[in-house]
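Shared between the two complexes below is chain A, which has chain B as its partner in the first and chain C in the second.
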Partner chain A sequence: MALLVLPACLLVLGLLIGPMALMFRISLNQFSPTQLMIEAFSFSNYVQAAADPYYQEVILTTLGMALLCTALTLVIAFPTAYWLGRLESRWKSLVVIATLFPLLVGNVVRSAGWMALFTREGLINMVLLKAHVISEPLTLMYTPKAVVLGIIAVVLPYMILTIAAVIESIPRDLEDAAANLGASAFQQFWRVILPLSAPGVAAGSILVFVLCMNTYATAVLLGGPRFKMMAPAIFDQFVRGNNWPMGATLAFMLLAVTMSFTIFGSIAFARRYRMR
Partner chain B sequence: MPASLLANLTERPSFNRVLMRTLVVVAYVIIFAPVAMIVATSFFAQEIVSFPPPALTWDWYLNAWDKPEFLRGLVTSLQVALLAAAIGVPIGTAAALAIVRGQFPGKQVIGALLLAPLAVPGVVAGSGLYMFYVLAENALDRDIKATTQGLVAAHVLLTIPWTVRLVVASLQGLDRAAEEAAANLGAGPFTVFRRITLPMMRPGIVAAAMFSFIQSFENLDLSLLLVGPGRITLPVAMLNYLEFRIDPTLAAVATVQILIVGVLMVVTDRFVKLSRVV
Partner chain C sequence: MISRRHFLSAGAGAATILASGTPGARAASGQVVVGTWGGDYGQLLTDLIDKPLLAPKGIEVLQDVANADPRKTKLLAERQSRRGSMDVACLSDSDHYIVAGTNVFDAVDATKVSRLNKVFPELRTDTAIPHIYSAQVILYNENLVNTPPTSWADLWDPKWRGRVGLADILYPANTLAAALAGGGGVSNYDPAEKKLMELRSLDVKIYPSNEALAAGLKSEEVWLTTMWLARGFMWKKAGIPLSHVVPKEGAVAIVFEASVPRNARNKEGGFAYLDAMLDAKAQIAFADKMGYVPTVSDAVLPEDLAKHVSLSEADRGKLLKPDYKYQTERSQRTLDFWNKQFKG
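Take a look at the complex of A and B:
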């Protein structure tokens, strides 16, 4: 029986764990513009990534975007998750599938949709012009705002589905009891629903934060070439700079941050609130 | 007081209903707006995307395939996704069976290892594989990067955690009475597996196959560094095109991708209730 896990384990070890170890080793090498890579054993690339203003900006932009998008997503997703969790309708499974569907369509397609909405003669500008909210078309493409909206659209379904699963398991009686004892709608939310759904909020927020940190397509397509987040910066190191040691260093830093969040999340909410 | 009590009983006042309904609508508008817009754009007659469109046309769906990068990208992506699912789903199913039914040390660690590909950012895993492939190419003196085999190997990595997770979930909910009954009636272990266990695992396996295929088909991050001239997957081809322009041609290609994913979900939903497995 135990032999049956062997092929899967070998695959993951050979194609994921092995290359990650190789990547860590390469991050300790030195880059040279003429020889590309020089064997070495030092953490100087990590020091450079932390000290150099360019990499600092990349790291801070990524963390800032991830925090902002996670917070906004939580605010928008919570009422929707509550609605979905409490929904009693024969259409419920359809709503769940509809929430899931855009996730499976892929980030490139959805970024393309935003690009079509954001053009100067696009739907958003036309509606705002017709309504006389603005007199000149807005520049929406290649702004951080566009990236924020694009990322939120990508991660919203994850947050909604994670929190809705927890809210479904909270008995309605608790809200009724609180209401009968005189709790206002806000008190019911603040003192009953929110504390009980905390595990879902935490699990969803960690998952979404990690996904935001990893953003590639949305940042490249909606942020433009000058907007740099971690994943595009890593890609550039390999493709434009041919700088394997620095690319490996940045990749390993991103891996360390996202893995520590994921591991922290799975230890704190193991089993019962399995992440999607 | 009695009036407000009655209101509480007849109507369920949770938090501010108006604000709540507004946010629900906002959430679904944000989720669906880009998908709806790209489908709509694919019918705009004018090449420059402007609203409202002067006329509507089907032509882009025919012309899009004149661009070799899209046709080749679609073929490559379908090929890679099919192969990756065909390899990854049996391997992942075997592992899931062993994890649920087997008795061996280190099961927790193995379970975590098999889910690890989900936790590693795609661009990071892709960078590691890229360096691994290039070094292996130099050592073996043969192409690995930008080959179908190289892409399939990487994408199998995506299919394993989904398969393990979905099949483990379907096995855990299994009632073993039927298997015991078959064994008591004289069926050998292999017959029990083939006639009882495997059919009961079917919903999990079907869902795993669909998710594996879709995960591979729409994958961008992992593939970015592993593609090359002549071997470009559809999402990478679309990304490269979009770095220069958005037009109805691309929208038509994107709509085809949306349709493929949608049809797969509808077909799978006939076998397994998707809202229950996910």
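Take a look at the complex of A and C:
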């Protein structure tokens, strides 16, 4: 039986661990503008990046955006997930497909659509100007608000489907029993549904948080050149600066922060809701 | 497994050997993979070079479309590989200098590229052919800017507060323009840092791409920018009311080049491609469609086209060639300053 996991393990080892080990080795090298990369074995890139106020701000912005987007996505997704989990209709599979539909469009294409809405001559400004709500076009593009909206649009289906799958498995009788014992709708949600759906909330939040931490296209296209997140900063070092050692260093720093928060969050969540 | 590419090149090679009887004398044929930009440039390569000039010779061209940065990264990542993924790599002169420094490209000479003797001598390099070129100028909205600027320094006039826009992707060229405005030059970017911070305090707008900058100019969000003259020509053709000025401190030239990587699978095809890129008729058509100036002496532009895309005799005297060595050695500082201080 144990052999059944072998193909997946080999795939992960070959395509994830191998390149990551190589990348980690690169992060210990030194950059030279003319030779590009000089063989070395030093953690100086990590020290330099960690001490640089610019990268500290980039990491904090990335973390802040990821936490905010995860929280907002959870709040927006939960009611829909509850409705979907409780839906008993022959159209249920169509609703699930409709939820997945945004994932069929690539991030870049989706962001391009948002750009058409947000520009000075975009749909939102056009409607508001025509309705005389505003006299000058609003600046919507290249703002953090645009990035938050764009990211939530990308990650919402993941959260909805993960939570809906868990809610589906919670017997409806438990809500009826709670109501029978005098629990209000909010008490039913807070004392029964939320604790029992905790595994789905935790899994969905982790999935969404990891995706938000690694946001690239949405941050670049909707946030503009001045918006700072880690994935564009890594791209900058690898591709625009040809500085692979620093690019690899930043990638591992992003990985470390993401893993730390994911593990810490999972433990905290498990303790709060006594998940096993 | 035999790929289609192997099959084609092996088949074509065998056929030529049989025909010529001498392995060394075989003509270029088979499939050539060209790493290039997409959009108008890629389409014009197809229409003006691939189909009319190379297809009749039995060369099938496949385009590996990407921006310069991913292409540069791919060339560097593949440099240790015995076989690379590109037979021709198109890059700007500055990018070519960086990649060529790692010994990625084969030497180019007249035995491999017969039309090399028609190339203007000042544009020649050891490992690339110059395909087209242009110069960095100031573009301004002729309806809104009543007194056109005459120098880079004029862009720092407070009366243009919030009306100057820059493309983020052109950060090296923008940094050089700032250096020139501050009294520096192609070998001295030091004044650029102070000047860029001044421009920041004048509410300069930064756009992620040239296309986004064009949209900003069209919507009159910005009135002035620094850009390649050729881009300005295209934007004018697209209906944006723009004029250009060659600044008195000098205009930096940009040359778009093409090279054959050392590990190209079809080197002969690659060099045949470089030769076709220097075709006079194709170069004139590139100038007409994209506004970039020919690099060969026998490609003479019609007068009405030349006045829009070429520099006058006086302006040609202001053309500056980048100091590639200085620019490369300072590249990390330039990028860091642009990201951390100027945009930060």
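Basically, the second predicted complex is superposed on the first by the 226 of 276 C-alpha atoms of A that agree within 3 Å, B and C clash if a C-alpha of one lies under 4 Å from a C-alpha of the other, contacts with A are read in each partner's own complex, and residues count from 1 in each chain.
By our rule, contacts are C-beta pairs under 8 Å (C-beta built on N, C-alpha and C of every residue); 3 or more make two chains touch, one makes a residue touch a chain.
Everything numeric here is computed off the predicted structure, so don't read it as measured data.
After superposition on chain A, the partners chain B and chain C are seen to clash.
In the superposed model, A:Val239 makes contact with both chain B and chain C.
Of the two partner chains placed by superposition, only chain B is touched by A:Pro7; chain C is not. Contacts of A:Arg110 after superposition: chain B is touched, whereas chain C is not reached. In the superposed model, A:Ala231 lies in contact with chain B only, and not with chain C. Contacts of A:Leu149 after superposition on the shared chain: chain B is touched, whereas chain C is not.
Set against each other, chain B and chain C touch different numbers of residues in chain A, with B touching more. By the touch criterion defined above, A:Thr119 lies against chain B and chain C together after alignment on the C-alpha atoms of chain A. Touch criterion not met for A:Pro171: it reaches neither chain B nor chain C. After superposition on chain A, the stretch of chain B that runs into chain C among 41-49, 131-139 or 167-175 is 131-139. Judged by the document's definition of touching, chain A residues 119, 121, 220-221, 238-239 lie at the interface with chain B and also at the interface with chain C. Contacts from chain B toward chain A in the complex involve residues 5, 8, 12-17, 19-21, 23-24, 26-28, 30-38, 40-41, 48-52, 91-92, 94-95, 97-99, 101-104, 110, 113-114, 116-117, 119-125, 127-132, 135, 153-154, 156-157, 160, 164, 214, 218-221, 224-225, 235, 238-239, 242-243, 246, 250-251, 254, 257-258, 261-262, 265, 269, 273-276, 278. Residues of chain C touching chain A in their complex: 69-70, 72-73, 76, 98, 101-102, 168, 171, 206-208, 215, 219, 221, 328-332, 335-336, 339-340, 343-344. Contact residues on chain A toward chain C in their complex (touch as defined above): 31, 33-36, 52, 54, 57, 119-121, 220-221, 224-226, 228, 233, 236, 238-243. Residues 1-5, 7-9, 11-13, 15-20, 22-23, 26, 75-80, 82-83, 86, 92-94, 96-97, 99-102, 104-117, 119, 121-123, 125-126, 149-150, 152-153, 156-157, 160-161, 172, 175-176, 179-180, 185-186, 188-189, 193, 210, 213-214, 216-217, 220-221, 231, 234-235, 238-239, 244, 247-248, 251-252, 254-255, 258-259, 262-263, 276 of chain A are the ones that touch chain B when the two sit in their complex.
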